[in-house]
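Structures incoming, each one as structure tokens.
In the two complexes below, chain A is the common chain; its partner is chain B in one and chain C in the other.
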Partner chain A sequence: MDIIVLTKRVPVTQEEELKVAPDGRSVDLSRVPFRMNDWDNYAVEEAVRLCEKQGGVITGVSIGDMESDEVLRRAIAMGAKDGCLIESQTVVHDPFTRALLLKGFIEKENIPFNMIFGGVQAEDDQFGVTCGILAAMLGLPFASMVIGIDDIQKDTVILRRELEGGIQERISIKTPCVLSIQSGINEPRYVSIMGIRKASKVERRYFKAEKYLDGGAGSLIDVTRWFYPPKKEGAVILQGELDDACKQLIGILKEKGVLQ
Partner chain B sequence: MQEQAASRVLVCIQCGKCTGGCPESGRTPFNIRMLVRKRQFKYAIEEALPWYCTACNACTLRCPRDVKPSEIIIEIRSSMVEEGNIPVTIQKALESTFVQKNPWGKPRSKRGDWAEKLGFKVPHISETEHKRLLFSCCIHAYDPRCMVIPVNVATLLNKAGYEFGILGEEECCCGNEIRRIGEVGLFEELMEENIANFKEYGVQEIIALSPHCMNTMKNEYGDMGIKVVHYTEVLSDLIKEGALKTEKPLESGIIYHDPCFLGKQNKVFEPPREILKSLKNVNVHEFVRSRDISLCCEGGGGRMFFDVEVPYQRNGEIRVTDAQKAGADTIATACPFCLMNLEDPAKEKGIFVKDISEILMEVI
Partner chain C sequence: MSYTLIISEVRRGVFEERNLDSLGLAHMLKKSVYMLLPDGQYPVNEKWSDVLIKTDMKEEMFSMPKNICLLLEKVIDRFEMPDEIILTHSSSGTECASYIAGYFKLPVITDVNGMDKDAKTFYKSYYSDKVYGEFSVTGQGPVVITVRSGAFRGYMEERPDSYKKETIEGVSPDSDRTFIEFVEEEKTEIDITKAEFLVSVGRGVGNKDELPAYDELTGILNATLSCSRPVVDKMWLPKARQVGQSGKTVRPKVYLAMGISGAFQHITGMKDSECIIAVNKDPEAPIFQYAHYGIVGDMNKVRDKLKELLKG
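Up next, the complex of A and B:
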């Protein structure tokens, strides 16, 4: 069971106060650390667990600049055999273009696979459609939001998907196929720095992105402007000492009928 | 740097002195003597057990054969780390330290924000004459309860006319707990980054706010040619010299809790006591278990990030009860982990826990 796992290097923005560049076309990420997209971490772990049981080879694939090599090193440290970087000097926001690059790369470089795993979505742009578009481009079956892989048969995989309202769905899907893996499907292992150092010695392969666009469409979606949502009005900041502020608050709550 | 394979497991005679001094053995499933035995015979070790150790070092200090049981714990944890098989909470702390250089995953860009609470500007270390670096612990930089400590110490040093500087967001975790968790590679990365900064800015002296940072930079960073001290050592000297005056009386009975990494591991017993004894109208008490045999608060060695699986009476609670029996209304300490672990039980019993710097701020 050979598996390609899509991995993306994303900024860790949860606790950061992001600043939009003056021209409104980008966000200043110069002081923000990066890591492997959380969903992709689960996807790599799931692939490693499957291959540990069933045998097979995992190939980590990433699109980005040379800095993205770090997520390939991590994937290798977790258990991938190989890492391939589709090197692009510009940030590829458009999931269609990302899928086009991946399709071109997988086909032209003859990367062997029975399944392609990716995270449900990326933490940065949150489109959540790259895996689906890739499956369509490759003409393969696709399952999203996979929360469990229960059985692998000769040319079929039995898996569970997460639906709205807490319902789960068990499906069988023909291989080869593309799956988007939901976080929580497993508990990804810890990758030590020693492990990453060892993985650095495994040769990664680098490919130029231009090779795989086939002169076809560039980005169909482009970022025109980043901006903060307008501040809403209506909030009242209570002034004065704590006791006064509490009295004011109680008065307001009574006035609004919240407190009897 | 100390060798990781520093333990001498095969010379252990199973005398039990380690277990006798261990703050966890006999009260939790952890038993240091049993783990050493298992290590001797290469028996399997239950996954959760090594994570109970608080790295207080009592076992290593008491061992008559220099087995260094606390280093054996690090070796066991290290194997688990390399296998990727560690408790999730510990894993999160390590991953956060890798990404943000602090175990809480708070933005590195905000590491120096505490300095904004001061009424004066603290210079970057590069702008100072004497190249004395005030080094904050991650918990000081990000925890709202502990953030007051760097503010206090900076205020006290400034009042005494003692020049110092900071690194701000260039500072990263010292790695003391990371090494004890067994993540050797990450510890080395943190150490290398800190040392590179110290060299770049020509640091001559490090004033560590946490005994944990002081310990690793003093004993495990190798010979940096830099003097490393705890802030209580500096403040104690400034009080003796008259540069810092503790004039206001404080009607209080204070008992001093020795942090393991300051006291038993680095023998800094007197400076915090001298500071307390310099205060007017203060009765200074002593725990029965103090100095070398001080009872650990259970905050070290990664225990701040490990959810114990069994209920038991925590040392913090015992410590608070002992403080009350000794007649104290306040427990003073000089370590942020001790402060955090003692404060919850102390609130329940109605006594105060204060960092030495907080007490000093009340009397200057």
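Up next, the complex of A and C:
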């Protein structure tokens, strides 16, 4: 069972203050930490577990500038055999273009696979469609939100997809196929600094993105502007020292009748 | 002819409420609204659309990516290409949208929460909802869109009493992917949807070892402990405790959100709570936009201070 795992290096913005340039053309991410997209971390782990059981090799693939080499090193440290970077100096915002690059790369470089895994979505753009577009372009069956792989037979995988409200659906899908992996499907292994250092010695391969666009079909959508979300009225912030704020909080709980 | 096509979401015999946002967006565009529906008996207000296209495919197969493309081919054959194809931003909606885009080579934008009325510019959130991106469609359409739940409901309007009904039959479902069964969550004793007072913990808790102290706090407050997705993903609390789109929708009297930044999927599950109080160390966290009251600070310190004040 050979698996290609798509990984993306993303900024971790949950606790960061983001600055949009006055002309709205860019968002300053220069002081934001980056890491492997959380969903991809689960996807790599799931691939590694499957290959540990079934045999096969994992190829990590990423689109980005040379900095993205770090997510390939991480994938290798987790158990991938190989890492390939599709090098693009500019950020590819359109998921259609990303899928097109991946299709061109996988076909032209003859990367072997029975399955392609990716995360359900990227933390930065929250698009969640690259895997599905790629699957359709390759003419392969696709399932997203995969929260459990129950059984792997000769040319079929039985898996569960997460739906809304705590419900899942169990489906059967033929291989080769493309699956997007949901967070929580497993517990990704801890990767030590030593592990990353060791992975650095495994050669990664670098490819130029331009090779795979066939001169045409650039982006179908473009980002034209960035802006801050419209502010609502917002919360009344309880002021004062911790002690004061908590006393006010207790007052609210009593007023609402949930605390005696 | 120029029309907007809605691919409806019907799950276990229910026309999902999320479809109202697809309809709202279509109504905002002021074009003819065509709605594609799976087979089955389920209530749906027919006056929301101009043309209802009922298929003979059961909902479980209808909502699969390849099948929806096969149905779409028939729709295009019969009525020409739509101007927009709209789906819900849900597990199956987004799955199908991506496959449609790849299959028909179309531009796709997901989780759309705003649009200008000529359907050329779309807005979607980026970077943990802290920044919005404005997108324009540069490629050949129709554009495929998934809509954020709640974003366009306000534009809904009933159409005059002149809707038409069409049927599409005889499309055989693809055999590469088949439905087996729905899997229900394991039954547990805790039902967070019945609680009047929820204390909900998120990613900010940082460490599993911090959780017992929240159990103690909920004990003192006579509240129920719930959480956001990251806490379940890390297997620190069971799925039954999860609030949000993929977990439970709750409407308690008081929802005390601690260390929850407010990803939209979480907001969907708790925004109708009577009173929302948020504790977060990031003053820019989106949760403060939805909360009635907030404390900017370390959740674990707030927890310990509350315990101290309430015990004493």
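The rule we apply is simple: the second predicted complex is superposed on the first by the 231 of 260 C-alpha atoms of A that agree within 3 Å, B and C clash if a C-alpha of one lies under 4 Å from a C-alpha of the other, contacts with A are read in each partner's own complex, and residues count from 1 in each chain.
Please note the rule applied: a contact is a pair of C-beta atoms (placed from the backbone, for glycine too) under 8 Å apart; a residue touches a chain by one contact, two chains touch by 3 or more.
Everything numeric in this text was worked out from a predicted model, so none of it was measured.
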Quick one: is A:193 in contact with chain B, with chain C, with both, or with neither? Answer first, second, both or neither. first
Does the superposition put A:210 against chain B (first), chain C (second), both, or neither? neither
Have a look and say if chain B or chain C is in touch with more residues of chain A. C
Quick one: is A:15 in contact with chain B, with chain C, with both, or with neither? Answer first, second, both or neither. both
Considering only the touch criterion stated at the top, classify A:184 as touching first (chain B), second (chain C), both, or neither. second
Quick check for you: in the superposed arrangement, does A:52 touch first (chain B), second (chain C), both or neither? neither
Applying the touch criterion given at the start, work out whether A:243 contacts chain B, chain C, both or neither, answering first, second, both or neither. second
Contact-wise, after the overlay, does A:142 reach chain B, chain C, both or neither (first, second, both, neither)? second
Touched partner set for A:258, first chain B, second chain C, both or neither: second
Would you please give the residues of chain A that touch chain B in one complex and also touch chain C in the other complex? 15-16, 187
Interface residues, chain C side, partner chain A - complex: 11-12, 60, 65-66, 69, 90-92, 94-95, 97-103, 105-111, 121, 124-140, 143, 174-185, 196-197, 203, 221-223, 229-230, 232-235, 239-240, 242, 245-249, 253-254, 261, 274-278, 281-286, 288-297, 301-302, 305-306, 309-310
Which bits of chain A are touching chain B when the two form their complex? 12, 15-16, 31-33, 35, 78, 187, 189-197
State the interface residues of chain B toward chain A in the complex, per the touch definition above. 81-82, 84-86, 88, 91, 94-95, 98-100, 105-110, 169, 183-186, 188-189
Which residues of chain A touch chain C in the complex? 11, 13-18, 20, 24, 27, 42, 93-96, 99, 123-137, 141-145, 158, 160-174, 177, 183-184, 187, 217, 219-229, 231-232, 234-238, 242-243, 245-247, 249-250, 252-253, 256-259
